[in-house]
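One chain, chain A, links the two complexes that follow: it is found with chain B in the first and with chain C in the second.
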Partner chain A sequence: MTDLAGPVGGRAKSSFINDPKVRSIGLQLIALVVVVFLGWSFTENARDNLAAQKIATGFGFLDNTAGFGINQTLIPYSETSTYGRAFVVGLLNTLLVAVVGIFLATIIGFLVGIGRLSKNFVVRTLSTVYVEVLRNLPPLFQILFWYLAVLSAMPGPRNSISLFGEVFISNRGIIIPRPLFGDGAGIVVWAIGLAILMAILFRHWAASRQEETGRYLPVLWVNLALILGLPLIAMIATGFPISFEVPQLKGFNFVGGVQVIPEFVALTVALATYTAAFIAENVRSGIQSVSHGQTEAAHSLGLRHAQTLRLVIIPQAMRVIIPPLTSQYLNLTKNSSLAVGIGYPDLVAVFAGTALNQTGQAIEIIAITMGVYLVLSIITATIMNVYNKRVALVER
Partner chain B sequence: MSMTFDDGSFIRNEMAPALPPPTQRIGAVAWMRENLFSGVLNTLLTVFGICLVALIVPPFVRFMFLDAVWTGENREACLGPQVGACWPFIQAKFGQLIYGFYPISERWRVDIVFASGALLLVPLMVLSWPFKRINAFLFFVAYPVVAFVLLTGGNINASAFLLERFGLIRGLVGDAQIAGVNLVFWVDYALTALLVMAAIGGLIAALGGSGRSAARTTFWVFLALGLLIFIWDVDVGLDYVETRQWGGLLVTLVIAVTGIVASLPLGILLALGRRSQMPVVRLLSVVFIEFWRGVPLITVLFFATYMLPLFLPQGTNPDALLRALVGVALFSAAYMAEVVRGGLQAIPKGQYEGAMAMGLTWSQMMRLIVLPQALTLVIPGIVNSFISLFKDTTLVLIVSIFDFLGQLRASFTDPNWATPVTLYTGFAFAGVVYFLFCFGMSRYSLFVERRLNTSHRH
Partner chain C sequence: MKRLLSTFALAGAMGLCAFGAQAATKLEQVKSKGFVQCGVSQGRPGFSNPNDKGEWSGLDVEFCRAVAAAIFGDATKVKFTPLSAKDRFTALQSGDIDILSRNTTWTITRDTSLGLNFTGVTYYDGQGFMIRKDKKVNSALELSGASVCTQTGTTTEQNLADYFRANNMTYEVIAFATNDEVVKAYDAGRCDVLTTDRSGLAGERLKLTNPDDHIVLPEIISKEPLGPVVAHGDDQWFDIVKWVLYAQLNAEELGVNSKNVDEQLKSAVNPEIKRLLGTEGKYGEGMGIGNDWGYLIIKNVGNYAEIYDRTVGPDTPLKLVRGLNALWNKGGIQYAPPIR
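Now for the complex of A and B:
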């Protein structure tokens, strides 16, 4: 500090410690040593503690029999299945909530977000109230509310609310018809795939044609006809191989159909509506970020309001909307771990809850659970970066 | 002239008839026509919206106020065919919802903590009031220390610091105790401080630096830490209340405030680390931040509850609330780091260069020039992360710590108040409380944002 002077170029003896390079290396060494020491002492302690409590280590437990049941399984699972399989069941349940929740949240979020900018006073106010109320209540509170106050208060199966005599809502969840696939159902499925493929190709062709000739083809209608019509023709041709097993009330409960457990409904609805409030704000700010001049220019070119929105505003707004949107998707996926609060068998409840209690192998199980979420966020972040590069404004 | 166009063009020969005067352009009717019924879709939306309001608002008002039961001793009062909210239930459970099972005779301590917190927070939040530095110091440093003493009763039993662990001190001093303070510990502490000062000073001096200033810095660190431990160690005559008895809003606020107070310094360090030129420090910060941001808080709480005790030396068995607090603090530090980093990035490079040109050291530059500006910029962000932390505190009920929501859920099971409306009353009350807290804070953050924006415009 005191050594101001010192030969330029040659290093003064006392300034050795004040050399930024030396300092930086020294600091980094200290940081490294601290981290390594912490890691080492954690491992040592963990080894001692595990030995003292006689807890097994390693991932061998994944092959052991789990011995507990799970009330919603997307793949065959029984009490004799392994912990490894229970992990997969939990993971799939998490992903199911995430996918359905994201789907619903996007729709509600976009509607409410556009509603917040509506000229209609009633719509605007309702949207604002929706956003402010939902955003400012804890998600776990909302999940418990849906589970305890809404779904548990539904009537029992005998008095269940029926929609068109096909779907039944009761305190046991929602029961929907089960599709039954007969002979030739494969052809219908292929027809659906083919129709989607053709629709994509037609869209491309229509776009390039419009580039060349300026003629606009009714893409939406043609594609709708394709996607609905082709499977319908296939159905007729094969003699309606897909039928639906409508749930029937027998005694005190329903027989047949697919039962959607109330935990799933509560979790998905709560997370979707909660996340939708944030998505709505992203959508609103995204649309507002497009300057008004764009709207005016589009109007003066003769585009209608809907066209302006679809062709001019939204493509530009998406650039602003998508990055926070994906982080909301990720938040929803992470928040699905709140399932444990109402007993929905997601990854955390099944694996970090039941399996951990049974095996006591906290380190392995929590590491795997955290690892799953980390991988999910890394994948999302990577996709996000690629997207951002693609849509970034190319500046000269 | 017009005759020359014989290609069929239409040329008007007479005046167009005058259009009728525009119907009302101002007033309520015109406003409604313009905004509510301008088209088929718009009209449908308006009708739909009004139906929605009619469906939700009157039953809500009836439940909350008109049909509500306001007085009563037990469930009998709230039984009936047309009964709204059962407010006596909330009155009966109010103490539990606020304090948990904190002993009734000691609840004044919690009241003092709440009141002093509010007293310090309000002047901190009003941007134009003076003494911000001293206020911030009181709130972020002094207040947590005092609150700890008041809530737990203080009087932790510090018995050994470093040397006594090798059994070096007890022989010298004996088992003397003054005001609940172990003399052994303090002799140990002082001797350790002197030793460390000498060691660091000597090392720096040997390397050619200023040993004296290094020793002085060490002294101040030890003094501050010693003061902190002393306040916690000395017996102030309050009964010990273990954290298992805490609950309700108290736990919610303790977790939220501790989370934010602990995460602020940690987050600043991490943010500086992430923007540092040193690759090792930067990598460590990035890994830390991205790890905690990538996992859900529940897994962090599971980590703190089941995994952390395994990592600590045998015999140390930290309290359940403390473990949750550590988890929450680490978790929110990662988010705070990103908020602060946003602020650091918003400071123009000229500020850094100017500070360096003035000959300030790195720590002076950060302390005096960059951080004051950056932190002011991110006040809205800090408030927003406080809001999400406040909402996230509900998660501790999953690791069986009874926060506000957990306490509410527990009170549903009381057979004395088992009525059909108990559940709804509880949710209505908790919803209003959470909403008021979060909405209030978000309005504040908006207000600050606007204030900061205007100051930037000129």
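Now for the complex of A and C:
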């Protein structure tokens, strides 16, 4: 047993290859080099082969004139714009559906999810039927239903349904008056912004005051007065600078006003109601995960049912609701590519459709499109993860 | 989905195949698998349309059968791949199909930058407009402000934009992925006008609830020479596909059809007919196929006039007169180089 007298650091003797730290870093480096090399040789090879077959490559096409029209553009676009601009137009159209769809789906989903747990038989049954019907039908069918079934029932532009002679609903979509900003309209816009800011500050102040003194302030009414009142005062002071251009029927279609195209309405409604069915189930499971003792405790403190739900149950349910909710938001964004089925000019239809066909640069365009969805999804997931951290249960 | 798969197949084929490696020629590949893989439309009456038993018919379909007849002596050795307008070129580039015969317009971009070769013109067409009769429009120049339905991924979108711009008119375009959706949206009243090639309009009209309520406006706003397409880089295959069409046109010019071809084979004295049917000269050899290739095409499928008449001609529901597609010596512009 002479070993006892030997050097204590037995590990120092062994080769550094056996060091787990060196090993893991080394293996990862080798893996990285292999992946990078494969990717590089794949790209090089593809480029050589494409060139040999005389198939155009590269991203230069983005600066070429697109030459086709798009019927919903959030930024100025014409047939003389470039493919690059057509890409942005398509991307913004996708984002519009995603943002509006997520907003509506969240509201409907929470209402239906809470409705599923209602003590009222009618509300509970209706909510259950909603969830079971909508989540069990493929989204493309729902989009086509909202588009073709509802569209066929709509009258033509000459017989459109008129609301107060200002808003017109027909198979061309919903035409609403366009606001025209005159002199001093900027002041009104500033007033709206200021009102919203003041409302937020007031809510914070009211909340901290309630924490300190226990006195409750009518936040809702004060804020409503702020948000409606301040712009109104600004409008009166500047002499009503905002007027509205009422759409007029001229020739085939309405001229003037803003047209909300039926493709947008159908796609957004279909995706929002479909996704809402899943969100409703997330909300229900989240609420049920909060133990009943919490409700009893809240009731015994004298909170009313609505207050219990809003102040005690929902905040605790959120940490269960948020992670699957993120997935639903991602699904909705990605499902928006079903737009191509009904002719809504989203990213896939405009860029991976028309632009791809006109330029023939399939590999570049599909790569860009996939990259965009990846980035959109990662951004959504990051935002939701940050929010999730905030509502997560902090354990000590 | 199909498009994505094709794109991956294309990326895979381009990225993985060793550069410059000599694969088997297209003709060898076709012969070894035993059939021609032909890309067609997802349903365009008169050109490529499946019936309720899944049997394809139409001008474009007959062309692929003629290629199969020339190679195998059997017009049934074809498999059809229905493709949307957007997916068609990728399918050809990636080698999923051997021939694209899908009312495809010959343009310089497609011919020179997509790695494709157009082999000729099977149908001279032009873009037109269809509108409801009760809109009381008689000319395309009265269409300012109209909503127009069309299919995405076609030359029509660009022609439409050009025409309205050139005539200082405004329009709203709604572009759908497939033809059926275009027709449904037009039928539902989403748009005032449906635009595509005039031969297509004749076919789409049949799908509407009341075909007689719609008219095709007289204006032809573009040149649409439609023809078969092959991938760039295999000249032998390019030659075969090219000459199948020429053989059919020459047969019509010489008065050889599927009914009299056997008799002509035995008794013809005209050397042009003899060369077409392969009893004189060895013209199949240069293309790597049998010298009786011309006979096999005419016998199994027919000459150009026969195909035209039974798919899109005046006696079919499409009722398209020959017009530009008549032979050059009968007032049209169909003209084939001689077989000699």
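Please note the rule applied: the second predicted complex is superposed on the first by the 342 of 396 C-alpha atoms of A that agree within 3 Å, B and C clash if a C-alpha of one lies under 4 Å from a C-alpha of the other, contacts with A are read in each partner's own complex, and residues count from 1 in each chain.
Keep this in mind: contacts are C-beta pairs under 8 Å (C-beta built on N, C-alpha and C of every residue); 3 or more make two chains touch, one makes a residue touch a chain.
Predicted model, so just to flag it, every value in this text is computed and none were measured.
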Contacts of A:Ala362 with chain B and chain C, given as first, second, both or neither: both
Chain B versus chain C as contact partner of A:Phe141, first or second or both or neither: first
Which superposed partner A:Gly341 touches (first chain B, second chain C, both, neither): both
Touched partner set for A:Asn71, first chain B, second chain C, both or neither: second
Partner chain in contact with A:Asp48 - chain B first, chain C second, else both or neither: both
Partner chain(s) touched by A:Asn253 [first = chain B, second = chain C, both, neither]: second
Contacts of A:Val122 with chain B and chain C, given as first, second, both or neither: first
First, second, both or neither for A:Asn171, with chain B first and chain C second: second
Intersection of the chain A residues that touch chain B with those that touch chain C: 42, 45-46, 48-50, 52, 148, 340-341, 352, 356, 362-363, 366
Contact footprint of chain C on chain A as seen in their complex: 42-43, 45-46, 48-50, 52-56, 67-71, 79, 148, 151-152, 154, 156, 171-172, 250-253, 255, 261-263, 340-343, 345, 349, 352-354, 356-360, 362-363, 366
Residues of chain A touching chain B in the complex: 1-2, 13-18, 24, 27-28, 31-32, 35, 42, 45-46, 48-50, 52, 118-123, 126, 132-133, 135-141, 144-145, 148-149, 153, 334-335, 337-338, 340-341, 348, 352, 356, 362-363, 366, 369-370, 373-374, 377-378
Residue ranges of chain C touching chain A (in the complex, touch as defined): 3-4, 6-7, 10-11, 13-20, 85-86, 89-90, 93, 109-110, 112-115, 135, 143-147, 149, 152-154, 157-158, 160-162, 164-165, 171-177, 181, 184-185, 188-190, 192, 231-233
Residues of chain B touching chain A in the complex: 34-36, 38, 42, 45-46, 49-50, 52-53, 204, 207-210, 213, 277-281, 284, 291, 293-299, 302-303, 306-307, 309-314, 387, 390-395, 397-398, 405, 409, 412, 423-424, 427, 430-431, 434-435, 438-439, 442
